[in-house]
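Chain IDs A, B, C, D, E and F follow the sequence of writing; residue 1 opens each chain.
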Amino acid sequence: MPVITLKGPRLSKEQKREIVRSFTETASRITNIAASAFIVYIDEMEPENIGVGGTVLADRDK
Amino acid sequence: MPVITLKGPRLSKEQKREIVRSFTETASRITNIAASAFIVYIDEMEPENIGVGGTVLADRDK
Amino acid sequence: MPVITLKGPRLSKEQKREIVRSFTETASRITNIAASAFIVYIDEMEPENIGVGGTVLADRDK
Amino acid sequence: MPVITLKGPRLSKEQKREIVRSFTETASRITNIAASAFIVYIDEMEPENIGVGGTVLADRDK
Amino acid sequence: MPVITLKGPRLSKEQKREIVRSFTETASRITNIAASAFIVYIDEMEPENIGVGGTVLADRDK
Amino acid sequence: MPVITLKGPRLSKEQKREIVRSFTETASRITNIAASAFIVYIDEMEPENIGVGGTVLADRDK
């Protein structure tokens, strides 16, 4: 029962549907585990809660 | 200092109290580690951010 | 489809069985979600990879 | 800089290559974020450290 | 490409900037990995979603 | 009771001691939470289990 987690920016409902469908199909095909066994979690993060290279994304986007 | 995380649906305050108390008591008894050392995190996820079997929960509930 | 993760010390197979059974029963009862939907992950950590209060556990145990 | 994590069974090196390549391509296309920005982590779990429906996988496989 | 995650209480924007800058500088210096390769995530938790010693933080603060 | 997790490459025991001490001191100072309340976890990943930009690190290092 594998779990796939995507931690990243805010996404639209359609993007979430595509991520869930594509990740599950891909991972099921490669691992030979039934698609029904996969769980996908989408963790949407605010730009002020992500740092890259020492700088908060909310500041870099300015 | 173990950490228990429950990633799942939205819960009421009373359900959270019970989860925290029960998980901590159970884990402390089984591992012989003092209950005071346990941290429990509850990650509440929106149905549009959870996918099962390739479908977003928000669509399955329809 | 909730996921419970216990991050802590090494455990015996019997302790793992009890953790998985107890956490699942407890969480299913409190949340009214079928036990079959729960996944439990046990992340066993080495004492040199856990720090508490600024000190690595492997050093505190000496 | 999104991070994708797959928590599941042991995989071959070729399966890992395919997972990393496919997840990155898929997520980059759907989110319009450059593929170079994606990190993928593969967390391989032992069957005795995964519980499904209250039972450790190592016992179910018997 | 290491990822540092801080799971804790709500923080101000200035505290987040300092956490991201300090963690990245410290980890880059100790590991000899370029600061540009580090990602920091800040997961802000509500007091009712954190349990310590079997009690929800929201109840302890009362 | 905040938890800091570093997910990255293998480190020496001395590097782990420094990471735990520095992260805890820094986070305690910035958040005004006692150092004794902080837990640090170090998740060491194999190069074949980390992908960057669609390529497994174990292949990039060749």
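Simple rule for what comes next: a contact is a pair of C-beta atoms (placed from the backbone, for glycine too) under 8 Å apart; a residue touches a chain by one contact, two chains touch by 3 or more.
Values in this document were obtained by computation on a predicted structure and should not be read as measured data.
Summary of the copy comparison: rotating chain A onto chain B for the best CA superposition needs 120 degrees, to the nearest 5.
Inter-chain spacing, taken between the CA centroids of chain C and chain D, is 20 Å. With centres defined as mean CA coordinates, chain F is found 24 Å away from chain B. With touch defined as above, residues shared between interfaces to two or more other chains in chain D number as follows: 1, 3, 7, 19, 23, 39, 41, 50, 52.
In summary, the structure contains touching chain pairs A-B, A-C, A-D, A-E, B-C, B-E, B-F, C-D, C-F, D-E, D-F, E-F.
For chain B in complex with chain C, the touching residues are 1-9, 11, 15, 18-19, 22-23, 26-27, 30-31, 33, 50, 52, 57. Only residues 13, 16-17, 19-21, 23-25, 28, 35-44 of chain A touch chain B when the two sit together in their complex.
Of all residues in chain C, only 7, 45, 48-56, 58-59 touch chain F in the complex they form. Contacts from chain F toward chain B in the complex involve residues 1, 3, 39, 41.
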